[in-house]
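Going in written order, the chains are labelled A, B, C and D, and every chain counts its residues from 1.
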């Protein structure tokens, strides 16, 4: 993609959204779903706000930075929750969320 | 990303969505916006359905294939319109839409 | 709202999306989350496709009817699943999904 | 709908999103599209963030208030731009944006 200084953050947001969507679906298939409830709840929100942040950046919106700041908060909360669980889908999601949070923080202070 | 047979189509949808968002924004800055009206109109729809298709695939939804089939139709229409315009953002968007249409058609017939 | 023949279906889609979002959140707080897993899974998809269908109708998209047809399928599946559960949030969501499915079917055959 | 203190703001966000989608589409059909470029640009962003705000409220998200604060800013900017144009779709959109901005400000300070 050729999106100037937005490039890496747009990609991080899209990757994070996909991992969150997958993590929520996978959590719902775990034996102990109750233990994953908070993870599912945050995954759902994180996937949504990541895709909107990506869209606002691709539109070069004057609100992209503020949305990225909020997106970073959601990503950090989702990363912290996912990191508590051993399942691969949670660990991979935690890593994607952490990278996205860093990219969004950098973008928000651009 | 590690999304099995969905991987390349999820990525193509995300890339296409970003190019469509950027193309719409760039078209609105052209001298002759009226000439770009149809391009903007399709860009807006294409970006939206591409992001939903990516989300449904990442969720391993039983409706992902049907959504990809419709997404391919939107991508093809958007690619055809974008291809008519010389601007780089249109040509690059046309290419992203074509690739996404192909990936979605392959997914729909999976 | 003043959206011609789209009016009631746009409203039904928005109402359904809100009930699905709320139902998913409420299901995650139930004692037996595992029993609600399928409900949560369908709620998530239903909320997303309902909001896209509403947007495509409001944009008077040539793809609105096809998207409404698929949206109706998701709504029906979500209604059937929600209807199995006694919780108020499930029963109310089932009703919202049924109404939305009917509105989308009518729209798809417009 | 039965969404407690969120009810009126969820509804205002959904109505605003639909008016913004319609306004963007209608602006693209105006004779002088160039004059409407800024209106279209803001409509696109406003529709998107309104639908996400509605979803976060329906999910009772801990980030709903912050998202509503940002949504109010986008709504106000969109209302101010739409209000400059005489077309009915712009005037009606401006009114929907103003009401949504007020509802979101009230929500953000809840």
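Going forward, a residue touches a chain if its C-beta (ideal position, glycine included) is under 8 Å from a C-beta of that chain, and two chains touch if they have at least 3 such contacts.
Please read all numbers here as calculations on a predicted model, not as lab measurements.
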Report which interface contains more C-beta contacts, comparing B-C against A-C.
B-C
Whole-Å gap separating subunit A and subunit C, where each centre is the average of the chain's CA atoms:
25
At least two partner chains per residue is the criterion; list those residues in subunit B.
24-25, 41, 44, 55, 59
Report the topology of the inter-chain touch graph, choosing from line, ring, star, complete and other.
complete
In their shared complex, at which residues does subunit C touch subunit B?
41, 44-45, 48-49, 52, 55-56, 59, 61, 63, 66-67, 70, 73-74
Can you check the complex and tell me which residues of subunit D touch subunit B?
24-25, 28-29, 31-34, 36-38, 40-41, 44
Touch list for subunit D against partner subunit C, complex
1-3, 10, 14-15, 17-19, 21-22, 24-25, 47, 51, 54-55, 58-60, 92
